[in-house]
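The data blocks that follow each hold one structure.
Here come two complexes built around chain A, the first alongside chain B, the second alongside chain C.
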Partner chain A sequence: MDFGFKISPSSAINLDKIDLTMFEKLHEMEPDVYKCIACGSCSATCPAARYSGMSMRKVILDLQRGREKEVFSMMKNCMLCGKCTMVCPRGINTRHLILSISKLYCETK
Partner chain B sequence: MRERFLTGYNDFVLPFSLGLIFIISYCVVGMIRILHQLPAEDRKRFFISLVTPATMWKNIKDIFLKCLIHVDIWKRNKLLGYMHSSIAFGWFMLIVVGHIEVFLYTPHRVKLFYYPIFFRYFVAETESTMRGSLIFFLMDLFLLIVLSGIALAIIKRVRSVMFGMRRTTNPSFFDLVGQYSLWAIFPLRLLAEAFTADISGGSFLTKSLNYVFTSFLSNHANMLPAWWAYSCALGIFFFVLPFTRYMHIPTEILLIPMRNAGIKIRNARKGFAKAEVYSCPSCGLCIDACPMGVMKANIKDTTVYLNRQIRRRNEARIEEISDKCLLCGKCTAICPVGVEGDKLRIAQRSIRKYNLNPDYSNIPADASGIEFAAHEVTAPSGRAREKILYFAGCMTALTPVISKAMESILKKAGADYAFMDRDGGICCGRPMFMSGRFDAARMLVEKNTEIIKASGADVLLLSCPICYKIFREKYHLDGIRIIHHTEYIAGLIADGILKPSSDDTKYVYHDPCELGRGCGVYEAPREVIKSVGTLVEAQKNRKESICCGGSLGSLTLGFDKRRAMTENALANLVTESPDIIVTACPLCRSTFNRYSDRPVEDIAETIDRKITKTVKS
Partner chain C sequence: MKENILIIGGGIAGLEAAAMLLRLGHSPIIIEKSDRLGGHVASWHKLFPDMTPAKDVVDRLTAEASGANIFLNTEISFVNKLTDSYNIMLSNGISIITKVILVTMGFSLFDAAKKEEYGYGVYDHVVTNRDLEQWFNGKDDPRIDNSAMNAVGFVHCVGSRDEKAKNSQCSKVCCITAVKQAIEVKQKFPDASVYCFYMDLRMFGKKFEDFYISAQRDYGIRFIRGRVSEVSENIEGRVVVKAEDTLSGKPLKVTLDLLVLMAGMVCGDSCTKVAGMIPLPVDSDGFLKSKDNIFDVMESPKEGIFYAGACTGPKTVPETLAEARAAALDIHLYINGLE
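For the complex of A and B:
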């Protein structure tokens, strides 16, 4: 039934219920993920943002919050162009980070 | 002529004979395996090329010039060239003349393959005849040439700078065994032949040695140990050969016809890639060439070590080496045997398994935003009137000054142009390709192809060499010309459509890796710069230009590690103290700009600044 409005699903994240072992593994491979200051430079330059809402900033945050599904759908359109790496003020090698995530995480989990 | 032994045999020929049988069977098996690993159509192409006269002749010429004379090394450094060709060509001629001797004097012994090698022991010949003395002289001459090469090789181990090499490869254990046995072969041959010089004859080298050390060398009790030692050195060399860098000698003979047949790397480890890996002579020329080697860093990540690790199947190191590389292609450009370090690394990257794979099916291939003739077109008819589709690319999007300058130039030329990705477009696929994910890259290529074909353009204009390379190599655009903006601007100036003003500013041009080595565009940018000022050259330029360090090729190098490379590349550019550094790649421009002490410009900016009056037709 359409009331012209809806109650948005809760975006509350219960960190106790999230399994962060994968993220810890990722952090071991890519110590730089903790360097991110979520400035969003990467999101602003990303050519895939127009299509899948890809944003490296969101990817890093979402992985820490157990929202892997969103990450996978965003990453689908990444073209590895490397612009995010070039603009990152913290010098994070985001391209390699994306490759590591692609290697480590598995969609059918 | 007199044969000394009726049997024509002595036990000392055994080490050599067994070694030769071993190495020949090893090479034959290896060759069959490599050919078997080739894809069927490549194998067919290879066999056809072997019987095609043109490639046949090219194969013979290349094998002679590269394997024996080593012309590429001569061009690099005369002493290094002499060292290589003296050993290779000298040894070859010793074998050839040895066989001629057998054919001339003891034709009934032709079937004994060790006979030419130990001819002096078995056959006594007089040097008083013209024929005899000439052959004696030739044999001693070529032995002297080889010995001089060996002497240089020993000096090179100690002082490689004399040979134009700052750093050389660290030899592995088997390399050392092979090297010492190779060095021992020829002095031992000289010694062994000097013993028989008073019986079997000799020339200026062996005979004189026999006279000088007469008390020792005329004592025939010492003769057999010398011949044994000579044969053992040969035997050891042949037995360790497959496990040393000297495997390049037989493999290169296979690699050259394969390359001439147009075969490319299809599998990371098998077939052509394997032939390239085994053709690497571990000379270490790539170590000095590698832009990552500044401050003695990353030396173990050069192509020579990649090849060694691939031979050892050390997967961890293979991954590390191939992911770190900037893919500038300089090692490929200077490699005397033509090992393609960059392509080998991309092939290694392509065998990685990823759980998440890209999918671009949701991206629309929309060409509706591309409109030609949206502004006044004043260019004269003909080539200048073509519909030009400008694809700025991701990197130019980060340096909008270049696309602005390009648009201004296009306007001043009165060209009919349209932007393909003014508000963001799809990546060309080259970065994806360089990271070894070919399927994803192909999807991007297909999307872009669709857009470009739908736009109705005649010419695709690019200002990023990274895009330019993949557009030239992987896109099939059915007649749409693909040009880089350096070529486009050079064409406009040559046609008189653009008339830039000239002054005495000193410019230096940096050859971007993907434009120079990648696509072979060296002249167009230089012509353009010459039309606006004085062009000076960098210390290392053209195919030896040094990567700016910003390359997208490297997957693992962080920004902190690239700084030293950029500064080294800048130091190379400013030796002639230019006022402005000009490049033709948005990535080089932004990388240099970060650390340069003088202005860095794209060639489009320079030209745009220098055009004051426009030509109206």
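For the complex of A and C:
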């Protein structure tokens, strides 16, 4: 039935309900994923970012917030150039991390 | 004749200054309002960044200052200004005439109950950083479950950087203390999720940043950027915390077994009281005002009155000890100048 209006679903994050099993598996493959300080260097340098919305910072955050759909749509735009890896101050091999995410999450999909 | 030197406050600053003055050939007097020495550090468990037992620090300082004349359970009743000295009447009936006073009365922990939205003293599982340290020290706390915890949260900046709480200053040490305590909780309960709610992390000191990296990498502590806005209790008595996850721009909710409030530093109650008696001016940050905030931090604007430690602003333990030594040397030179 159309009332002429609808209520949008809540965008709130409920940490109690987020299943981090996959993220923990990723952490086993890529221990450095815990080291992200969300500085945004990777996103700022990403050549795909300004045209596609790809952001490595958001990828790492969204995985921890159970927003995997958003991660996949962002990661499709990655060209694996590796600039993000060069600028990461915490020395995270983000390029390798992207490959591991693809491998892990695609295998189980 | 040897000059009297009165040290007000038997915390780490007072003890270290006394030890240094003893080595320089003086005989300082320490007065302490409580029944033990060591101040706040004496109720702490371990100190960052090397997890040094706080007890070792206090024991060493107490031993080094043992040659001083120490009055415990003693407060200042009133102060009379004489021509070139002060007559200090103590609560134990003794009066001291002195030209030199060292104020080491330190800070008070911000009263977390004032931030009502966090529910300290209202909900069953909300404690402060100090409560948690005492629990680490083996003191039972009905709010903290000794056997199991699934989720624990730390709230940074409680009563710090908060104009409404009348303390707009950063308390400096709470960020690193939260990281330290989060690691200790994780060591006790390896399966628990441990969250830190921060605005920004101020890891300014030696090895602080390494400590933070270790908390992330080795312990999986989860840092959430966003100030906790409200805390409530669910029907099971667990704590429900709401904050904005400002990195994703979305409201966030999590249920915890324990919430730890990182209460900040405010100028000590007794410090303000004694400052009113002498009187000593208070700076715009609420702490005692130095003669100059660059060159003469350890000197008050009044001749013969010196400061050391957190009475002039939040400080770490090594910073306090360094100031205490510097103040002792200032006093030594000042007394030599009198003769």
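Everything below uses one rule, namely that the second predicted complex is superposed on the first by the 96 of 109 C-alpha atoms of A that agree within 3 Å, B and C clash if a C-alpha of one lies under 4 Å from a C-alpha of the other, contacts with A are read in each partner's own complex, and residues count from 1 in each chain.
Assume a residue touches a chain if its C-beta (ideal position, glycine included) is under 8 Å from a C-beta of that chain, and two chains touch if they have at least 3 such contacts.
What you see is a predicted model; the values in this text were computed from it and never measured.
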Query: Does chain B (first) or chain C (second) touch A:M74, or do both, or does neither?
result: neither
Message: One more residue to check, A:C42. First (chain B), second (chain C), both or neither?
response: neither
Message: Quick check on the superposed pair: does A:L63 touch chain B, chain C, both, or neither? Answer first, second, both or neither.
response: neither
- request: Pick one for A:N93: touches chain B only (first), chain C only (second), both, or neither.
  value: first
Task: Using the touch criterion from the header, give the chain among chain B and chain C with more contacted residues in chain A.
output: B
Task: State whether A:I13 touches chain B only (first), chain C only (second), both chains, or neither.
output: second
- prompt: Where on chain A do chain B and chain C both make contact?
  reply: 32
Task: Note which residues of chain B are touching chain A in the complex, please.
output: 323, 352-360, 362-363, 394-395, 397-398, 424-427, 429, 431-432, 435, 437, 440, 444, 550, 552, 555-560, 590
Field: Touch list for chain A against partner chain B, complex
entry: 32, 45, 47, 50-52, 72, 75-83, 86-87, 91, 93, 95-96, 99, 101-107
Statement: Listed in rising order, the residues of chain C that touch chain A in the complex are 193, 195, 213, 216-217, 220, 222-223, 225, 245, 247-248, 250-255
- request: Enumerate the contact residues on chain A facing chain C in the complex.
  value: 11-16, 27, 31-32, 34-35, 37-38, 57-58, 61-62, 64-65, 67, 90
